[in-house]
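Quick heads-up: structures coming right below.
Shared between the two complexes below is chain A, which has chain B as its partner in the first and chain C in the second.
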Partner chain A sequence: MSDGNALIRDKTAIAGIGTTEYVRDIGRTEQETSLEVIHEALADAGLAATDVDAIFKVETPGEASISELAVARNLGLPNLRAWGGTDYGGGAACGPIVHAVMAIATGMASVAVAFRARNRGSGTRPWSKTGARVGSNMAFESPYGLVGPVQQLALVARRYMHEFGVTSEQFAQVSVTQRAHAARNPRAFFRDPITVEDVLASRMIADPLHLLDCSLETDGACAIIITSAERARDLKQMPVFISGASQGMGPRHYMMNGLMYKDDPFDMPPAYAAKDVYACAGMGPGDIDVAQFYDVFSPMVLWQLEAYGFCKPGEAGPFVEEGRIDWPAGELPVNTHGGSLSEAYVHGFNHVLEGVRQLRGTSTCQVENAEVALVAAAAVVPTSALILRR
Partner chain B sequence: MTMLADRPLPEITPLTEPFWAAARERRLVMQRCDDCKAYRFPPEVGCYACSSMNSAWEPVSGRATLYTWTAAYPPLLPYFAERAPWPIAVVQLDEGPRLTTNIVDVPYEEYVFGMALQADFQQLDDEVALVVFRRAD
Partner chain C sequence: MSDGNALIRDKTAIAGIGTTEYVRDIGRTEQETSLEVIHEALADAGLAATDVDAIFKVETPGEASISELAVARNLGLPNLRAWGGTDYGGGAACGPIVHAVMAIATGMASVAVAFRARNRGSGTRPWSKTGARVGSNMAFESPYGLVGPVQQLALVARRYMHEFGVTSEQFAQVSVTQRAHAARNPRAFFRDPITVEDVLASRMIADPLHLLDCSLETDGACAIIITSAERARDLKQMPVFISGASQGMGPRHYMMNGLMYKDDPFDMPPAYAAKDVYACAGMGPGDIDVAQFYDVFSPMVLWQLEAYGFCKPGEAGPFVEEGRIDWPAGELPVNTHGGSLSEAYVHGFNHVLEGVRQLRGTSTCQVENAEVALVAAAAVVPTSALILRR
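Right, the complex of A and B next:
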């Protein structure tokens, strides 16, 4: 990125956010919860549904998504000028917002909705629908029992432990820290404190990952309203400016198991998204006051701490163990809402909402005088990132 | 021969047929770029290293070392749940490419990084023979 920075940096803002409750079974369809959170986010911003002229959503391999047609019809929109889905599930936690920024900064649209609704508590696990015959790279994986994300990630985690001396205790500390943050958050699904010993004593899911190293499975939905910085200044909420926005895939990528085919499996997508998001914002790791990292499994937080430049490769284990991601004492509080490990699993959209709350000053683990927040999507799939500032 | 009908099986396409045809004959072959000689595994139409669309299939030694592994616990697909914990390995061929596989003759507790392995074949039905690995002599 070079010429694009002047077009994008601080030209757009998040003007509204909306969320459902986070529960095991929400009792409503994803289409219903999508519309609910979009209405809530519009009310938060002080905008009307008829102001919306762009919709950006998340796609996940193997899952049907809600069509922009249905959302636009049910919101009663007069016209939609820009729309599209961003693929790769948890890698798209920021992707739809990146696309909204492009549409608004270029003048193609004026008010965009980005949303994610997912009933993963009451619904089915995507891998459980694996058929009798499996195609693409998975033809060389599923027959051997490598079917679900947790097993795919466990293979990378074990190699990471071997190459860098990282321990299961250090993975566990991520879950422990985030649970302590969740304890203060009334929206969080799990709020009871846990210890490293609790994580290690929880049942094995994919060696070396235990149950408490894994994200929740919850129902929920989140929506975000993006508009121009200029317009946001006149709306109901204090604007949260989007200083940096990026996507990154890196070379020779597949989905989660793709890392195993690369010469260096730790050449991960976030390193690419990091370089561009910092360039776009004109900032570096030292400018970040608080970070929300996609955390479907605990090791992913360590890989993002390294990729986004908060420590060197292999040093995130001790970084976490020393309490440096803890609120309020750590130098970089991470996942101050509890994250996917304790608040809810909404494919990382709840992490964007927490980034916004930190800058509005309304987090339940509020970082004092937080001015800049980093929000990053999944580490092992094609990913995306945002730098937000107040 | 054990028939394992409820295990997910590979979809065999024109692109991947040479791999599976060789496996049925107990041979391990890899697709290789005709131009830059990079191995392509899993098979692809174009080369990740040089963008070439030319390739050929070449025999490889079947010698490999253990690169990483896990053991999968329920919830799993029924076939694997009934046999859990189910070990899964990634091995690196001496020629470079890595494969997901199962190691058939080593207890899970004895897995170590770099352990020397040799390819073997597990015939599942008339069409599919999986490439598995056992301890090298």
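Right, the complex of A and C next:
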């Protein structure tokens, strides 16, 4: 294992986190909740709004855009020295933090905010606008019923079952495990335990994906404060160092579904983000104590277990079935907050917060002596990843 | 003067540039022209598409969005390790390059593309959609006739004349000077010389701005290749080192027009970008041999001459009138390609290309022995700047 990227590895840290409640209808705009969680994250870090000089956000075409300018003005910031957006929704769960790391590591900014606010519980889905034009590959796919992520991903899930003998029970086990984690988390939207039978008996949304294989639709917002490792050491919270940070896309990628376009439909973006995040941190899968994986649908957790090297291609089904992602008994507890399947759907930003809590020792499913956490964004779109260290 | 930011200063370089023709109706989509200019810039650098591992773009809500994913796929890239967008249109003329600098300086990527494509000659203006909703401060301003940048900026220009005794003739001189530069540039859309009288006799668009005080509306695209200084030394072109890079916004900023909101309406974003770009490069105004200033309307050049420290507040009018921005006689030739007033309106990206040409010694208004060029983005929106060195 190499020593990692000397300009990035452990040079920055997450100093503060903030989140709203996670509910179906939060009754406030995304801009309002963004400001709330940024204030909360600053208070958590022991910093003032006037300390912030960088903002990085998620930019998803067709969704409510929250301008850095409006955020800066409403926070009363004296200046912003760095800002920008990262596209691809759930794939950008770590992307804005990757950009903040680059800005701070180079001295182009000193305190950065990364945030995500999304009223997906009360608002509309991007694909639900009747008569909306779709472009690129989706123009060819949507007439055949692939109108939203669940239909698009269902085909990939079915092909994955076919290729590797993975079962619906194994998909369901992801939801069951994460619900058990959520049962201990007072923030989680769903906390009542479920069984594999419950998942299989839930309504079929797009074969083979049942309702309980699908993520929640909630309103909520999350913010994260990033600063230099040096400065973080003097702040209120124990710093959570950013050892590795990456974005990855891979070749010939199409949004959501590579089946029709790639020789190997399982050649997915996380394999590229994984290679770089491990190289950056100078670590490998064996160094990871706990992982938070983007989980818009249960099979995506399996694909990330494989892409991030915790098991070989096609072996994640049995891995999950054997309880190896369970807390506290598993070797790699996954989504200890309940994830998007049970805690909330904030496009994966809540997963970064849970990674931070694990290293602060404040998770409601605390992994004993957790030293290193992996946080990974969506598997089927251009993606991003972080390795965090206590 | 300090030694600058040791992690950024001269660590990266512009290795290639590409541009389309500049015409009223280019007959191809922004995505097509983007790909063309990226290929041209790569050929200029002597690099292959497969060398690219980062793409940074401008993200303007409401305009055609060009996905990094589609660009990467169409270029046949094996992977992207860094990407993102920068908002605020003309303020982002240098922003994507600032981000590319951070990515390459930290080793998060090795060869980055920054690009801008805009069919503003043949396409619609963002504010021209009848019945379109406007938000933020514009919701309060547009009912009073401030429907687009020309009306918004006209008020600022009038106030500037009132405060400092600047004249319409001085604004006009900017257009006249730049047209004289454009006369030597075969790429320029307008090349016929004009006089101050011509500008003042041209149609009044929004008092005090005449037609010839306003930038062109053209179709066109530009691309820039950024890599490490070390790698650039081995490539086809003489490297143009990036000594300074910055983004800046300032406090309480509103898009386009600070008159109604700020105590000092001339407390504009470039003052903040200027401070940081000089600090980064370890340079000051006295080190600059040639400047390319974003010039959507002629007064904006004056505001940047002041913000970047070439003259005191209110003194840019006489500075221009005295011929001090003229090529070849002036002490600081400005917009030697003709700028947006005469060459083309590619939202300021063409200004970066001209900065590069000056340092390569290939401008059609070549400043003798030019060693250092300043390139600055729009003055009235969150902005960005570069200092380039031979």
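Keep this in mind: the second predicted complex is superposed on the first by the 377 of 390 C-alpha atoms of A that agree within 3 Å, B and C clash if a C-alpha of one lies under 4 Å from a C-alpha of the other, contacts with A are read in each partner's own complex, and residues count from 1 in each chain.
Note that in this section a contact is a pair of C-beta atoms (placed from the backbone, for glycine too) under 8 Å apart; a residue touches a chain by one contact, two chains touch by 3 or more.
Predicted model only: the values in this text are computed from it and were never measured.
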| item | value |
| --- | --- |
| Chain B versus chain C as contact partner of A:5, first or second or both or neither | second |
| Partner chain in contact with A:206 - chain B first, chain C second, else both or neither | first |
| Contacts of A:102 with chain B and chain C, given as first, second, both or neither | second |
| Partner chain in contact with A:73 - chain B first, chain C second, else both or neither | second |
| First, second, both or neither for A:246, with chain B first and chain C second | second |
| First (chain B), second (chain C), both or neither touched by A:82 | second |
| Of chain B and chain C, the chain that contacts the larger number of chain A residues | C |
| Which of chain B and chain C A:338 touches, first, second, both or neither | neither |
| Chain A residues contacted in one complex by chain B, in the other by chain C | 136, 251-252, 254 |
| Touching residues on chain C, where the partner in the complex is chain A | 5, 7-8, 59, 61, 65, 67-70, 72-73, 76-88, 95, 98-99, 102-103, 105-108, 136, 245-255, 272, 276, 280, 382 |
| Complex contact set, residues of chain A against chain B | 125, 127-128, 130-137, 139-148, 151, 154-156, 158-159, 162, 203-208, 251-252, 254, 257, 260-261 |
| List of chain B residues in touch with chain A within their complex | 7-13, 16, 41-42, 48, 67-73, 75-77, 80, 85-86, 88, 90, 97-102, 113, 124, 128, 130 |
